[in-house]
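Presented sequentially are two complexes of chain A, the first with chain B as partner and the second with chain C.
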Partner chain A sequence: MTLFLQQFVNGIALGSVYSLVALGLTLVYGVLKVPNFAHGALYMAGAYVTYVMLTSFGASYMVAMAVSIAVLAVLGGSMEWLVFRRLEGKSPVHAMIAALGMLFFMEGTADVIWGPTFRQVPSPFNDVVTLLGVSITEQRILVIVAAVAVMVGLYLLLKRTLVGMSIEAMAQDREGALLVGIDTRRVALLTFAISGVLAAAAGSLIAPLLLVFPNMGELIILKAFVIVILGGMGSVPGAILGGYLLALAETMAGTYVSFAFSELIAFALLVLVLVVRPTGLFEKGV
Partner chain B sequence: MMRGDSVGRRTLRLGGVLVLGTVVFLSGCAGGESGGGTDDGLEVVNIGFIGPLSGGAAYYGRNVQRGIMMAADEIAEGGGFEVDGRMVRFEIVSLDDRYLPYETATAARRLLQQNQTPVILVPHAGGIRVVQEMNTREPKFLLAAYSSEPSILEAGNPLTLMLPPRFDGYQQPWVEIMMERFGKRLALLPTTTAYGKAWTEAVSVEWSRQGGTLGRDHGVDYNTTTDFTGAVSRALADEPDVLFIGGPSQPTALVIRAAREQGFEGGFIIMDQAKFMEMLTIVPMEALEGAIGVYPQETYPTPGAPLFAERYYERFGDDFQSPTSEVAINYQGIRLIAQAMHLAGTTTDPEAIRAHAGEAARTLPDEYRIFEMDGVTETGHLVRAVFSAHVVDGEFVALRIPAPTSAPSH
Partner chain C sequence: MEFPRARGVGVSLLLLTAIVFPLIVDNPYLVSVVVTAYVTAIAVYGLDVMLGYTGQLSLAQGGFFGVGGYTAGILMASYDVSFWIALPVAVAMTSALGYLIGLAALRTRGDYFAIFTLAVGVMIVIIIERWEDVTGGTDGLIGVPAPSGVGPLQFDSLTAQYYLILFFLVVTIYVVWSLMDSLVGRTFVAVRNSEELARAVGIDAGRTHQLAFVLSAALAGLGGVLYAVFLGYIGPAMGGVQMTFMMLVYLMIGGVASLAGPLLGTLLVTGLMQVLQAFAEYQMMALGPILVVVIIFFPHGLAGLAGHAKRLFQRRGG
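On to the complex of A and B.
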């Protein structure tokens, strides 16, 4: 029972990580129908900015995260402005190749600047909390809580603000949004900026738990794609639920079957969902 | 969702194919230039290096490459070495295989056609096995193998020179020490590569042979796992006294950290792929208490090791990452090959170079000799003194590993 509880907590922590990354991906997909592979690179860049702020500028963890969020908002926005805007109206294959190109370009840039070395982001939250035989580090608690906060924040933004409503409107019907006077270009730019913010938050929160290196985004972006398909492409609640679901499935399968098969089981789950419910668990957009 | 839905999913699937294609394409064209001119009046001999220079294992590949380049640069700066009356230097031609054996084969063919390399160094067992299928056919070449997998000697390949110690020498003394210090229950949490599986098999057999109890294998792929906590929780549920772990150094350190966070106080048997100095960049020394693994290169208990470390820091700067055995052993390998060419009087005949490798190991000048080498076995293994380290009260205690004399058993 203790093992089950421990693994449940581990699964929720991992699920928070997955959901944070998947959220930015699904948001961009919902609005622009671009499978943004470069989202993994944004996540990586977010982790590096936090790392640099902490180690080279001696900033506190929260300040480092704030700077990372600001930088990535600009980076995400400029990605739309410099690349995807110019591919508007072209075949989706163009946007996809551009996204892949951005992924490799950013990984290459990180490699040139920081080298392939694995880096460790120091965190002030290293203590371990033990309750009912279940142990968890403060950083993981922070990740779980912050993930919920980010999700609530995103929900409020989408439902309660004009910007959010324009994003939703555009996700539902691009031409319709244009007809009622929404500046779709501005909304596209904003969506990318928000996805940058989400990537930075994810990268900064997760970095102290894992290692920071140029290819770190590749591993997690694959999982994020599984989650986005699992949850319904473009669906925000789908990405959140899908993230927790995939992480719990992996952890529990690992515990009670074998960790060697945990990825296999995760992807089998994906196939199952696609067969039973091809639109994903939540088919409504955003 | 919306109208674009099915199109979207098709797009995504196409995306997957594209990712794959791009990866394959990129790995094909990365890196490498052919041997240059002879401005310095030295004859240039191309030496091939095929290893992971991009992707997740790039860190490892570039450590190996750094050792090779350092040897080649030192040789050139020192005016080259003499072969049959000519002065020769090495030009290293590096190709990226992203750790994929089939890419290693493609790269090897390219090196042979374009750069006429008499020697190719490969730093992973999968690639080595593939290249062993090629190197005895024309054009023949010497394969310098950097992998501790004993099975690469089993191939009976006459043109293989295996540089690092075989990993099957470690289990017997390590198991004995750890069982004595911590107890008889072992849980397994190794990486699941082919190398990891061979190691796991060897340590399991030895642990049982010495009368210990084994938990189930909870291995995970260290290169693709994002979070080790779940796997660690599962392994610790076996209530082990000792954990068997290992893969690349930094993920291995994350496993150690997760185990300590979850209250594990026992010892660690760490596969030879992971290096203490690299793990210490992630976890403090306290976390490593009771761990047993390969001896840190920088302070290796041989006269040549500190001298090598000095030259290494002189070249790369005092703040540069610690020289690991990846750097040192491959540096030594290139020095050894230069000496073997000198003794053989040829830079192009791989059989003659291989035939003189044993003598080269014994006659290599002290200043370039990092390890105490005694020769090369019939099967092509470099014989040398091997030390491992056991962390006791925050200090590395050296332990000499007896050379495995028997034929590899697995």
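On to the complex of A and C.
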């Protein structure tokens, strides 16, 4: 039972990160209708910015994370401004290929600056809290709490502010949004900036628990795609729920079956969804 | 589409250049660079069959390249199977895998198709890396022998291997050309342009996609086999997503949906990368933005530019 609880907490921590990454992906998909393959690179860049702030500038963890979020907001926004905006109205294949171009640009840049070596990110939160026989590092608690805070913040932004409502309106009907006077380009830019923020938060939070390296985003982005397809492309609750579910399934399979099996779960789910219902399990009705 | 005489002359000249190339260039290094480009180009033609002619972005191409290379490489290095048996087995294996994956992947189109094939590509690498007993894991396998001789023909020398691979490249281009020129090829394009319309006139869009996907996988497999045999080595990188990305760069720079594009782009970019080898560490950093610029400003690549120039010239002339 203790093992189960322990793994449950670990799964929730991992799921928090999956959900944050999937949220950015699903928001961008909702607005742009393009799968942003470069989203995993934003997550990777977020982790590196935090790493640099901590090790080279001696910043505190919270400051490092704030800087990472700010930098990635700009990076995410400029992706839209420099590239995706220019591919508006063209075949979606073009945008997908451009996204791959940016993915490899960012990975290549990280490789040139930091090399392919794995970096350990120091965390000030190394103390272990024991509760009901389950020991949790403070960093994991921080991951869970901060992720929930970010999700609540995102929810309030989407539901309570004009900007957020414009994002939802544009996801529902781009032309309709344009007709009622929404500046769709500004909204697209903002959505990308928000996706950068979410990726930076995810990358910075998980960095001390995992290792940082140039292609660290490749596997998680694939999982985020599986989550987003499961939860319905563009669906915010779907991305959150899917993130936690996938992470729990992986952690439990890794504990009770085998690590190799846990790695295959995301892929098996993807095949299953495609065979059973290619449009996604929980896709919103229009 | 009839074959214009000017084009016939052009193709003959190109083929002649390719044939005399290793005889006049007394530089083994340069020849081996060109051979590597030929091998990759075969797989790039496969990518073009999907992207150019059916409009679907298949991101499993590197994975299929790896499956072809590993199947032949393992058979030849670990089981002493002859190249002439390993080659058809590996290509059949990749085609069969393409067919099976196509059954699931082709239930989707566009973005879902790209995501699914990307997942397939990543899974293939994971399997290659984990199945250490057979594949050699992350280290790969060395000692893939050169093709054994056939009658009086020996394939030990670089020049002989050059001609062998050129032969497969010519066959590839011929197959793609004759297919695209046939009714089947036109159904590919009809499905790309409007699947609904194609279905309405009685084209079985599902079968068309399946056929294109299998052909695409088979060509990737063929390229992979030749790559493994030419380098004498197989490693997980040959099946990686980065390999798919490189193929995409070659294809987009050369020109998608054109017969010359894949070869042109592969030769040019591979050649440039060799010239700029001092800057090899910046390769991905540079190729990423180049791909983005090509997509935004020259979506039809060099072949498209050439066509554009020709039309401009004809308009002035006439």
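What we mean here is this: the second predicted complex is superposed on the first by the 268 of 286 C-alpha atoms of A that agree within 3 Å, B and C clash if a C-alpha of one lies under 4 Å from a C-alpha of the other, contacts with A are read in each partner's own complex, and residues count from 1 in each chain.
Here is the rule we use: contacts are C-beta pairs under 8 Å (C-beta built on N, C-alpha and C of every residue); 3 or more make two chains touch, one makes a residue touch a chain.
All values derive from a computational prediction rather than experimental measurement.
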Fit or clash - chain C, chain B, common chain A: clash
Partner chain(s) touched by A:Val17 [first = chain B, second = chain C, both, neither]: first
Touching partner for A:Leu54 - first (chain B), second (chain C), both, neither: neither
Partner chain(s) touched by A:Ile220 [first = chain B, second = chain C, both, neither]: first
Touched partner set for A:Ser235, first chain B, second chain C, both or neither: first
First, second, both or neither for A:Thr109, with chain B first and chain C second: second
First (chain B), second (chain C), both or neither touched by A:Val271: second
First (chain B), second (chain C), both or neither touched by A:Glu250: first
Partner chain(s) touched by A:Ala98 [first = chain B, second = chain C, both, neither]: second
Of chain C and chain B, partner touching more chain A residues: B
First, second, both or neither for A:Val83, with chain B first and chain C second: second
Shared contact residues on chain A - chain B and chain C: 33, 35, 37, 92-93, 96-97, 100, 104, 111, 218-219, 225, 229, 260, 263
Contacting residues of chain A [partner chain B, same complex]: 3, 6-7, 10-11, 13-14, 17, 29, 33, 35, 37, 92-93, 96-97, 100, 104, 111, 115-118, 120, 128, 130, 135, 137, 140, 171-173, 209-211, 213-215, 218-220, 223, 225, 229, 232-235, 250-251, 254-255, 258-260, 262-263, 279, 283-285
List of chain C residues in touch with chain A within their complex: 51, 55-57, 59, 104-105, 107-108, 110-112, 114-116, 118-119, 122-123, 126, 130, 241-242, 245, 248, 252, 281-292, 295-296, 299
Chain C contact footprint on chain A (complex, rising order): 33-35, 37, 83, 86-87, 90-94, 96-98, 100-109, 111-112, 218-219, 222, 225-226, 229, 260, 263-264, 266-267, 270-271, 274-275, 278
Footprint of chain A on chain B - complex, ascending: 1-2, 4-5, 7-9, 11-12, 14-15, 18-19, 22, 26, 54-56, 58-59, 62, 192, 216-220, 224, 226-227, 229-231, 233-234, 237, 250-251, 254, 261-263, 281-282, 321
